[in-house]
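Please find one structure pasted underneath; my questions will follow.
Labels run A, B and C following the written order; every chain starts at residue 1.
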Amino acid sequence: MCLAVPGKITSIEDRDGTLMSIVDFGGIKKDVCLQYIPDAEVGQYVVVHVGFALQRLDEESAMRTLAEFEHLGVLKEEFGDGFELAAKQAGLTNPEVLS
Amino acid sequence: MKYLDEFSDPELARNLVDQIKDATSRRWSIMEVCGGQTHSIIRHGIDQLLPETIEMIHGPGCPVCVTPLEVIDKALEIASRPGVIFCSFGDMLRVPGSAKDLFQVKSQGGDVRVVYSPLDALKIAKDNPDKEVVFFGIGFETTAPANAMTVYEAKRRGIENFSLLVSHVLVPPAISAIMESPTCRVQAFLAAGHVCTVMGTDEYPPLCDKYGIPIVVTGFEPLDILEGIRRTVLQLESGRHELENAYPRAVQDTGNPAAKAMLLDVFDVTDRAWRGIGVIPSSGWRLSHAYRDYDAEHRFAVTDIHTEESAVCRSGEVLQGQIKPHECEAFGTLCTPRNPLGATMVSSEGACAAYYLYRRLEVTNA
Amino acid sequence: MPEDPTTIDMESWVCPAPLRDAPNIVMGHGGGGAMSAELIEHLFLPAFGPAADAGMGDSAVVDIGGARLAFSTDSFVVKPMVFPGGTIGDLAVNGTVNDLAMAGARPMVMSTAFILEEGTPLDEIARVAQALGTAALAAGVKLVTGDTKVVDSGHGDGVYINTAGIGLVDERADIRPQRATPGDVVIISGDIGVHGVAVMSCREGLEFATTVASDTAPLHGLVAAMLDTGADIHVLRDPTRGGVAATLNEIAKTAKTGISLDERTFPIPADVRDACGLLGLDPLYVANEGKLLAFVPAEDADRVLAAMRAHPAGTRATVIGECVTDHPGMVSAKTALGGTRVVDLPIGEQLPRIC
């Protein structure tokens, strides 16, 4: 359920008493209702579902999450993948599906 | 798309898969509630990458799949009436009712239109004052605020030729129903990220305590799903059963207060029959008394509905995670996306359709 | 064979249930997917009876008086008539030119039949006709005959255009879907999903602002450049309705070969990907114009690719997969994450989804 995508608010206006905005999804622009995030500002990112902004997208949180994912990889590089090391020692190729 | 594409990075996915493999020491069964998550898992092949000790059980989080047959038949009846413009999300057009679907109604002269947003339906109502415009308001809590705002606007602006056919379903009661089932094998849940975007997370800790299960709020992109699974496995391995938010960029604990206030005003909780599962108490929303005049069920008193499900279809068992799609005798033979017997084969995120579309190679070779 | 040619005896068909379940035409029958194929296989061909001699290509290659000619027909019903990057007129010419080009033919002449809706403004028709003429000139094809009909207001969506085209098949060409063979390399001539997104962006109920403009273009020059390499091109097809997915499935089924793709290679522009993300569509199922899929033997792949990239209509040509002996008749894809998925034939139209 719930195909919701992040986009950037490019303009805000009142249309017939409803707070509306134009949101840019990386080149695609669409009308989005902003009534549920009345204090949103131009330049902020929002999560949009069926023409409605449901929540602000927390950009800092997004970057932190990605950094955490990268950090997991760094840890692995420093300490190595136990299975890979064992396989190398045994002279076998790693049957990892992603390689 | 920014803040979306980055969460599909194959390298980072590999890191997460490795972490999951390292953390898993025994068999675990995890249910992802949301159909969008099911779709993402199967389409990207995430379940193929997980250690085979982890089983993803696909849940009933596909509002298209669980919309009661009676409501579909009512929709078909209303859409068939002359003078009605019936608007719907694309997902619903091929869902089989007892005898036909909305596409067939269209072919027989019904004015059926696909829209992206319920506000588009309201606009159609405004532009066609001599017609009755009905919007098919299905969905989980994620979609309810959009439908609520639309009917609120219809009332505020006096657009009287508009009405809403409502069939909303709620996630927490579904989790309870699944856990109460005697054949339940689910040990943890990935909660639906965008449902929590709206509702927040406070409905879930009581479920964690009552059933002793971890619940991790999870997003939809490959990295989000893998992270949700990773945190779930860590909890399971250490015997914890807590609510965790693995989708903090889009989910706050309090949800969206403005949306929740609107939902309280526009909808009342009701018992709801979930197609393939049965009645789950207090698991749905219907329009509140204040919006009765905009309720399509009242405006078009639809009676004389005789529902008839396929005798062969086992979508109920699929929806509850009791069988996998290919374990149904009709899978791929009598029942295909081209000739679906049940809703799980129609919806692009129904488990049966997902398996058929993306997994036929394995399940036919297995 | 029924005695009264206008009576169809549904009970005497061999085919299974699907058509009998839905006694009317539904929109899905025009989607270019499984339903369209069924309509042809289970209604039209049986009804035509022995008179039908239809192959499965976009155009028919016929021998007339010693000349190998390609002959094709098409109808254009696109709504709206005018969209970013083109009009129904451009599509009408390029669509026909490309059907002929896919048989390895040089387009020579075409017909244009118009079905006009009563009440359509004349200047809109003029605009479409002008676009048609300009496209024909650019493609080097002559408009030699035509027809005009008018239908009552409420029918015809403004303008429907039917075309038929004749071309001379290049003597080096033996291009038929049956020739797809395991080992063949599958090449797409450029970005996918462009036309469908451009048209969708102005459709009622879905409108969105975008810079995506239709990629409609004639491809016979590109095909000639490919033939000039001396390569033995097995199959050419332009992936229009139903997208790359529909076209590859049809070829796989006709040639009884498997096709294996690599998702990481698909050339999908960011704005197409974003539009599809917004509406919940898969770019593989979105219509294309001005693009072709080519199946060439592995040993010819490099030089064909080079020739394509040197041509203005093929600068972003890419290898996206190959024919395999596994799963004959089916198309599979390796996902970016390393998993596998089946790329199925679309059923009807692809619709935007909320889930």
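The rule is short, and it goes like this: a residue touches a chain if its C-beta (ideal position, glycine included) is under 8 Å from a C-beta of that chain, and two chains touch if they have at least 3 such contacts.
Please read all numbers here as calculations on a predicted model, not as lab measurements.
**Q** If I average the Cα coordinates per chain and compare with the overall Cα mean, which chain comes out closest?
**A** The most central chain, going by mean C-alpha position, is B.
**Q** Write down the chain pair with more C-beta contact pairs when A-B is set against A-C.
**A** The comparison resolves to A-B.
**Q** Round to the nearest whole Å and give the separation of the Cα centres of chain A and chain C.
**A** It comes to 35 Å between the two C-alpha centres.
**Q** How many angstrom lie between the centres of chain A and chain B, each centre taken as the mean Cα position?
**A** 21
**Q** Could you say which residues in chain C touch two or more other chains, in rising order?
**A** 274, 277, 280, 337-338, 353-355
**Q** Residue numbers in chain B touching 2 or more other chains?
**A** Those would be 1, 4, 10, 13, 35-36, 48-49, 62-63, 89, 116, 120, 139, 143, 349.
**Q** Where does chain A touch two or more other chains at once, residue-wise?
**A** 1-3, 5, 25-26, 49-50, 97-98
**Q** Sort out for me which residues of chain B touch chain C in the complex.
**A** It is residues 1, 4-5, 8, 10, 13, 35-36, 39, 42-49, 62-64, 87, 89-91, 93-94, 103-104, 106-108, 113-116, 120, 124, 139, 143, 222, 337-339, 347-349, 356-362 of chain B that touch chain C.
**Q** Would you pull the chain C residues touching chain B in the complex into a rising list?
**A** Residues 17-18, 21-22, 24-28, 34-35, 204-206, 273-274, 277, 279-280, 327, 330, 332, 335-342, 344, 347-348, 351-355 of chain C touch chain B in their complex.
**Q** Using the touch definition up top, name the residues of chain A that touch chain C in the complex.
**A** Contacts found on chain A: 1-3, 5, 22, 25-30, 49-50, 97-98.
**Q** In the complex formed with chain A, which residues of chain B make contact?
**A** Within the complex, chain B contacts chain A at residues 1-4, 6-7, 9-19, 22, 34-36, 48-49, 61-63, 89, 116-120, 139-140, 142-143, 145-146, 149, 153, 156-157, 192-195, 197-198, 220, 223, 227, 248-252, 255-256, 258-259, 262, 349.
**Q** Could you pull out which chain C residues touch chain A in their complex?
**A** Going by the criterion above, the answer is residues 201, 207-212, 270-271, 274-275, 277-278, 280, 337-338, 353-355.
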